Every structure is written in C-alpha cells, then in structure tokens.
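A, B, C and D label the chains in the order they appear, each numbered from 1.
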Amino acid sequence: MSDALDTSVDLGGIRLRNPVLTASGTFGYGVELAPFLDLRRIGGFVAKSLTLEPRSGNPPPRIAETPSGMLNAISLENVGVEAFVRDKLPALPEGVTVIASVFETEIERYAEVCKRLTGVPRVAGIEVNASCPHVKSGGIEFGQQPQVLAELVRATRRATTLPLLVKLSPNVTDIAAMARVCEAEGANGISLINAVQALEVDIETRRPLLSNVLGGLSGPAIRPIALRMVWQAARAVQIPVCGIGGIASAEDAIKFLLCGATAVQVGTANYLNPAVAGEIADGIAAYASRHGFRRVADLRGALELPGR
Amino acid sequence: MVDRAAPHREAKPDAGADASAGGPRALRVDAEVIENRCEGGENLRLRLRVPGWPGFLPGQFVMLSPGARTSVERTDPLLPRPMAIFRSRPEQGGAEVEILYRRVGRGTRLLAETLPGQRLRVVGPLGRPFPTPAAGERAVLVAGGTGIASVYELAARSQNGGRVEVLLGARTGADLMAEADFAALDVSLRIATEDGSRGERGLVTALLERSLAEPGAARVYTCGPRAMMERVAILAAASGRACVVSLENHMACGFGVCLGCAAPLARGGFALVCRDGPAFEASEIAWGALP
Amino acid sequence: MSDALDTSVDLGGIRLRNPVLTASGTFGYGVELAPFLDLRRIGGFVAKSLTLEPRSGNPPPRIAETPSGMLNAISLENVGVEAFVRDKLPALPEGVTVIASVFETEIERYAEVCKRLTGVPRVAGIEVNASCPHVKSGGIEFGQQPQVLAELVRATRRATTLPLLVKLSPNVTDIAAMARVCEAEGANGISLINAVQALEVDIETRRPLLSNVLGGLSGPAIRPIALRMVWQAARAVQIPVCGIGGIASAEDAIKFLLCGATAVQVGTANYLNPAVAGEIADGIAAYASRHGFRRVADLRGALELPGR
Amino acid sequence: MVDRAAPHREAKPDAGADASAGGPRALRVDAEVIENRCEGGENLRLRLRVPGWPGFLPGQFVMLSPGARTSVERTDPLLPRPMAIFRSRPEQGGAEVEILYRRVGRGTRLLAETLPGQRLRVVGPLGRPFPTPAAGERAVLVAGGTGIASVYELAARSQNGGRVEVLLGARTGADLMAEADFAALDVSLRIATEDGSRGERGLVTALLERSLAEPGAARVYTCGPRAMMERVAILAAASGRACVVSLENHMACGFGVCLGCAAPLARGGFALVCRDGPAFEASEIAWGALP
C-alpha cells in the first residue's frame, strides 16, 4: 500500500490500526486463529461474549446452513469473565487490540461483568450485546425495546470507564431510534447488526434444524439488510458506528464504510477463510490508495446520494 | 479429551487449532484436484495436491470448500465441509492428500462434480488425533459408512506395532469404502454387510462381539453412524475394554470458534468435536443427547 | 401423483386447486407467464398491486443482485384498477384463480380500490399490501404501525365483501402483534413476508445501486427470516396464513406449510424459472403422497417441536 | 414501441412474452454447451445446443443462467443474464444458438468458466425484434462493444434486400467482436477503434457522420454503450434519418413481469426494455434519465 496512507481509525475512543475487527462469537478468544492469521494485521477483535459465570449452551444441533448464510443458536456458552481475564487475555501476543463483549440475562449482571473488565490492561473497550432474551420481559431481546435498551446502556455506562459500544439487534422496526437511545445514554459507539432471527426446518424429519428451534441468520445473505441499517443508524447519531453483517471481502467492508461506518466486523466469513480479515484490511488500504484517499478514515460516509 | 500416548503430548484444553500442539500446524491453502473418482455406489475418492502440507496424525480432518473454487466467490452453499484425511503422501513442495467421501447432500454432490485441475480450499489438518495404542495392546478398529475413512491411517501406522484388527461394516458391498486399501495393510480385516453381498451378513458389531470375546488387553476405536458407535461403546465397556469414538457433528469453522460442533458430555456440559475431538473416550459422551 | 390425494386448500374463503400461488409483482397480470406455464397447474396468482389511477414508478436502476437475493424499488408502477378490470382480467384463460392486490398512499384510496374490485367476476379475493410508505406518517409503512395497520384493515374490510388477505411488512419488531391486529379487524387471512428493506452500493461509483437508494430484498436469502415470521404469525392467529419469501422449490414451500402456512406464494423464483410454480405444485403433491397424507391441507402445521 | 414492417405485425402493447406475437413463442429449456471459446481480450463465443428452439427474429435476446447448472441449484449468483442472440442454425430437434459475450462481472466470469457438455438454462427468444428496413431503404448499423452481437442477425437477413452498411467500433482491435462474421456477409463493413489498432482510428460515430452525409433514404440502427447510442441518435436526427436503438438495461425476468428494466420515455413514463424493446425509436427515449 502507499506509505502515505493512514489506515488507523478511532472507534469511540478505541484507536484501531485499521478499521477491520472480527465479530464476537466468530473469532473465539483470538488464539484459535493465530495459525492462519497474524492478529496484528487487523484492527483487533471482539471476543466471544462473556457472562458473569461460565455458561454452557444449547444442545446440538446448534448450526445449520441456509442460502448464502447460516443459522446459529449457541446460547450463552462462554468461559465466564474470570477465566477470560485469567487465561485467555494473557495467551494473546502483544499488540493485539481486544474488545470484550458482554451478554447476560439481567441488567445488573451486565453491569457487573463490565465492572470486572474495567481496568484490565488488555481490554481496550467493551461491546454490550443487546441481542439477548430479557428474562423479565418474557424473552424479548433487550435491544428490541427502547426503554429496556436505555436502562441497559445507562447501567453499563455507569459500570465502566472503558469505551462502551452497544451492539444492536436487527429485529426491530426502527433501528435509528435504537441508535439514538444508545447515544443519549452515553454509549461511545454502536455496533450493528447482530444475527437476524430466523428458522430452518428439515422436511423429512419435520423438525426444526436447530434444537433451539429459532436461531440467528448470519452471512452474506443478510449483508444488504445490515448495510441499510448501518446507513440509517449512521445518519441518526453522531457517535461512531461499527458495521457488521455478511462482510466477506474488502468490497463488502468498503460498502459499510461508505455508508457511514467508522469500522467493520467480520463474522461468519472467518469460518470459510480464517485469514479473510487480514485480506480485507489489505484490500481496504489498496482501495483507499487507488482512489486517492490519504486516510482510510475518510472513506466514512463518502457515499453520494442521487440528487433528487 | 483423550490421553494422548507419546509421541503426541497432551494439548492445552483451549488451544483451539493448536490443540494438536506438537502435532502439525494447520494451514489454509488452495489445493488442486488430481483425481475425483467414483468408487461404486455414492462413494468417491478425491486426490488433492496440497502445497505446504505439514503432514497429519491419525484421526485428524480438513475443512473443504463445498465445490470447486471459481474466479468468483460463490456464497451458496456457504460452509466448508469436514472430511477425514484418509492418507497423504509427501511430494515436491507439499503432499498428495486423499479423501474418501460419500455423496449425501448439496455440498458432497457439488464436490463430486469437481474436475481434475479445479481447486478446493483446504483448512487443516484439524482436530486432535487418535491416541496411539499402548505397546502390546490389541487395537480393534470398528468402522462403518464414511467412518471407514477416519480409521485407515490409524491402522496403517499401528500395523507394525502391535496386533491390529479392522472390522468394517456397510449396508451393501457397493457402499463399502476402501476395502482394497485395508487389505493391503498388515492387519486382520473382517467385513460385514447388512445384505451379505460382501463379507458376513449382518452388522459389524457382531464381528466386534467375537473379537472382544478373545482374551488380552485391547483398545477399541470406532467411527461411523451414531447408533453403531453407541453400540460399539456398550460392547467395549461390557468387556472392560477402553473405547475411543470419533464423532461427526455438524461444523461451521473446524477450529474451535463457532461452538457449533458441541458434543454433550456425560459429566454435563459440552466438548467441541473439532477442537477437543473428533476422538473421545466413549464414556465421556452423553449418547442420549447426541443427535 | 396418487389420485387419492386432495391437493386443494381453503385460503380464508378462497378455494385453491393447490396451495401454490405466485406473488404480487413477480407474475405480472398472468398472461406474461402463459408461454412457459399452464396457469391451471397452480392454485392461482396474485396480480401486480393496483392503485386507483395508473401509476408510473421509479427511474432506473430499479433492481440489483445480492447474495442469493435481489433488491427492487419499482414503486407504485401499475396500470390502475380500471385497466386491470377492463383489459387484464379478460385476457386470462378460464379456470385461473386471480387474487387482486392493492396498494395506495392513503387509507381512503385503498378502500376505494377494494370497492372497485368487489363484484368483478374474475376476482377471487383481495390482498392488501401494507408495505407501502404512509405519506401521513412521514413515509413509515402502513404495516409498521399497529394503529395505522388496524385502520387500514378496518377500512378495506368495510369496503369489500370479497375474501380479504392482508400482506404484512417484515420490517417490524413483533410480527405476531401485526398478525393479531389483522385478525381482530376482520381480515380473512394474512400473507407474509413482503421484501425486507435493504441497501446495496457500488464502491466504484460510490453510489447506491438503486435510484431510490433503499429497496426490498427478496429471494432465497430471506427464506429463513420469512419462515420464522410465518411460524410466529401462524401461532398467533386462527385465520389462515399465506407463506412468502424465497420459495424456489417444493422443499422450500413444504417448509412453510409445515410451519403453519395454508398456502404459499412464489415470487423472485419466477424470474429464474418461469415454470417453477408448476413444478413446486407437483413436488408438494409428490411429497404429500410419499408421506402418506390424504390431503395436502394436512401438511399445515405438521412441524414437530423438540420435546423440551 | 417501434413500427414493425411486414412480415412482423405490430404486437399488443401488453402481451408480454407474447409481444412478438407472430414471432416465435418463447421457451424455457436447458441447453448443452457445445463450445465456449475465448476470442481475444475479454470476448467469448458460446455455442449452445437448444432443444425445441423455435427460431428468432433480429434483435431478440435470451436469459441465460449465470454459470453452468449443477445437480444442485445454487442461488448465488441468482439472476439470469440477458444476452442477444447472435445467430442460430436449425439442427435435428432444435438449433445451435450462438452468443457472443464479454467477461465483465460475476455472471459472465462464471459463464466463461463453463465447459462443453455442461448445461445452461435458456429462456427465450424474448423481446420485440428490430423493424426490418423498408424496401429500397439503406440500413446503417452502428454498433460498439457488446452491442455488436445484437445487430449481426439484422445485417445477415437484410443483406439481400437493400443496401446494408455496418459500422463497428471498439476500444482496441482485441476488443472488437465478430469482425470475421460480418466480413463474410454481403454488406459494406467499416471499422473504427479508439487506438487505431484496427480499422480507422477514432470513434465509430465518425464513420456514421460520413455515411449520413451520403444522400438517399436511410434508417440507422444502433446498439452499444449508452453514450455512443445517444450520439448516434443525435447525428441521425440531424440528418433527418429515422434511428432505432437497442437498449441494454438491467433485467431480472426478461419477460415483462418484474418491471426492473424500465427505460424512461421522452413523453414521460417508462417502457419495458424486455417487452416493449429492446429496440426503440431513438426519439422515444429520454436519454438524460437513462442510467
């Protein structure tokens, strides 16, 4: 790439080498990908979401393939915040930016996990995953109700001094409204989208393909939906937006930047090609140079709308 | 989750793709199809030229892109398919890797239409290998269906050590994989088919019962249909022999990050088949909860 | 197929030869497909949505390809209800079941179009397309607001004695709630899903691929989302549900029936294979026979849930 | 939207795939690839064996599945691609249909990787043909880029009638399609390339200006890049000659139901390129609003 090019971006106070992160739940705790990718080639990664205690997840089958996508219903399975801090973080090479992700079943627990992560040297920021069933509201996701989302952001905001990103659920009527709630409650940025609630069945067994019945749809299939939501959210708020959903190439990632994202996260594509995030980072830089940008950050929102 | 005998040392439980630490380091590379031949029924033999192939240990697998790669990335079907490494032969700059597979669905049907010269993406070798049989221990390999491909290398590497028995099962003779390859090894090979068209008529577990009746230290290894493996585990336990099973769960990544391949454990919780397995002590698995 | 098999279904008072319809906007006015498909092989078709006056649509580009899907932004282009009744219906061979579709910008106009269609011999029923921007609520879709949807259903219900289907927008937080609104206001059935709002851009021109910027995502990519919404809607109401979204094969269609749909509509797949709807109808019958069903109608809701 | 000279009668404006009523009835069929050869640069020639092919009229097109069909329906890329019918030759039970295409994107790249023996889905012939030149009228065919494929059959069928001039343009000689095929016709052929590597250096519209300077009744037909067609239309109008343009809008269906291929009309509103065209009177089109 051109040496002149500055690839770094600032994601709500998190300084990133380049705008390419990997998405929570698709990159493990980092070390798993080390054989395939030098983790310093990318901006950083968002670790698998953490709960207060270690959790195990749904019984298999947990995944299923769909047209240009996949379904998953892993549930809350993770090693828990303590083991993450004690075992996972130290295993990472220096110079790798780590964003911790948090999910829980109650707001107080979300806040507690954020507290525990605050002050931990290797943690550059926290992403609050709002796409979890809220027990008290009968399983509706935190991110599906503006008031509940507001409470969640307020509580986690109070709980940490770290840069706070809120990851939005796509299963809503008005994504812009959800983005505004996060901004109003002091989030430093928003990440979207999480997987889209979906269902797949086997017509021979006449059963759902997942033990959990419903799952989350991810992969290229949802990219145009994610791009729309990122565009709507980015126009609704001033805080930075991290674009997620079906990104599998530099071209895909650039679309999100042009639509207003400051950075992107690569998810399902890591499964198909564990080195893809590095290739995407290189591709974005090449594009920026080719189009005469000095800073990759300037790609943000460079979309031209038809003069109508 | 299985004690690995030397030379392969126990891996850190969470090292993911490095689980087989001390084992070969996984790579991601495009491999050229040398041959992709039907071997009767729905069985095919795929030979790949894999640059930089680091070698593999018995029981390990690769993730293969579903169908040939084109200049255009096609996203349907999306996920790579896990396939056991049947065997590999080092060659200039890499190795020739052999896969035996069965045409059962969209991905393997596309794989079957792949032509020599076309390329497939290979990620691997992945997973933790079979524990090698202890000295003097009789190794009884019981495999059925596509599971046959998973145990060949174990038989090949164990043949000169102790005594190796290979018991293969299939619905019909036409469905039977790799008989000639096993026949060429210095192992005692017995075959059962449900319709009796090849070897004995009946289930491979009947062969196992007779083998277990023989005295002496033995370790059972099995890979194949879930019902067969469960039955093998029960028989082995009844005869007081250790039993190693190689599971075939659905996988998205193959290297421990999607958590899609969870296998329910008898002690509660789950193991990841791609990272902690595919080989497990049969007693570790909660068979009732396995799909 | 087995002669014993009864393939007919009753979709809210509309008797269909078999459960396979084609979706509005993907089958024109029927005659266009005649060279490829005997229209009597399928249950019927839903005609392109009609407005009171003839309308022309958005400037090109109006369509774009996405992973396993496509975007469209045609807008309200149609010949208008009069020309439909005068020119289009008579051009159809006898024995073809036609459901008219209606969209408009105001509730009164919706109702007026329904009135004009009532009593027209060839019209077996009306499908109200609620996925249109409601001018008065600043472009939010009728189908995105429970109160507005209720008014729309009430008004169109009053306007016609024909079987009334309401076609729901997928761009909502709670599809079951929308289904209940339709049932409460007297709809005879609901159809879902319409295309999912999405965006696609060209990174070389740095412009949206559609002149309208936003478009509707359709095709196999959205099938698992549609199946989830159909399942949720079918559990929420007693009135029949017509499943739509990404159906391209008999297997796909059967999934919707198993999840509670009484009938299905084939949309985008018609573009790839103009005879596909007939093939799907045959495939469903073959499946029903193979699985020992006497009536295709019995496939409805035959999904078994894991005993948890 | 163009007056059709005999034998082709004017079609009902809305008859959709039957628009070319009196013309051949469209079919949907799987065709076998006989040959798919690169002809230099990004240009390829595809020969298909199409069972039951009903013949076609100059200017009509087909929709081709993007890439070879497999035993598995792949949904990415999803949409069929519109391609002009270059020519067809009747054979036992159908016809051999020829397509000339340029590798420009995902679909045509996959098409270029298609091998003889593989199958493509064909829907067509579609669209309304070019009006045939009136008796004694000079036909001036101006084509550039992939538009060259669209005008060949018109030239071939008109050659014995009146005088036919064919003016072909391309960026370079390597990009030029089908020169030899046109040379074999009884037409006056002139070529311009932007880099002068073949024929005259410059734009094909320069050739047109000279041709239009000659007296006598003439009708201009053009197909190619939007800018070229608009310029051709302007020149024709200036010289008082009628001009027919063949448009290449994006299409999803090809037979008038998706409304995706709308072309803006000078009188307001839109025409459907697949149904009312692809051939239009140049004066009908609102060039400024055409992408």
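The definition used in the following text is that contacts are C-beta pairs under 8 Å (C-beta built on N, C-alpha and C of every residue); 3 or more make two chains touch, one makes a residue touch a chain.
No experiment lies behind these values; they were computed from the predicted model shown.
Undergrad: If I average the CA coordinates per chain, which chain comes out farthest from chain A?
TA: Computed centres place D farthest from chain A.
Undergrad: Distance between chain A and chain B based on Cα centroids, please, to the nearest Å.
TA: 35
Undergrad: I'd like the Å distance between the centres of chain B and chain C, where a centre is the mean of that chain's Cα atoms.
TA: The mean C-alpha positions of chain B and chain C differ by 47 Å.
Undergrad: Between chain A and chain C, what's the gap in Å when you average each chain's C-alpha atoms?
TA: 34
Undergrad: Which residues of chain C are in contact with two or more other chains?
TA: Those would be 66-69, 211, 219-221.
Undergrad: Two-or-more-chain contact residues of chain B, please, as numbers and ranges.
TA: 75-77
Undergrad: Taking the touch definition from the header, please name the shape of the chain graph: line, ring, star, complete or other.
TA: Graph shape here is complete: every pair of chains touches.
Undergrad: Any idea which chain A residues touch chain D in the complex?
TA: Within the complex, chain A contacts chain D at residues 67-68, 220.
Undergrad: Which residues of chain B touch chain C in their complex?
TA: Residues 75-76.
Undergrad: Please name which positions on chain C make contact with chain D in the complex.
TA: Against chain D, the touching part of chain C is residues 25-29, 31-36, 48, 56-70, 72, 74, 77, 79, 87-88, 211, 219-221, 248-249, 268, 270-275.
Undergrad: Considering the complex alone, what residue numbers of chain B touch chain A?
TA: 14-18, 25-28, 65, 73, 75-80, 121, 123, 249-264, 268-270, 275, 289-291
Undergrad: Could you pull out which chain A residues touch chain C in their complex?
TA: Result: residues 66-69, 71, 144, 171-174, 196-201, 203, 205-208, 211, 213-214, 217, 219-225, 227-228, 231, 246, 251, 254-255, 258-259, 287, 302-306, 308 of chain A touch chain C.
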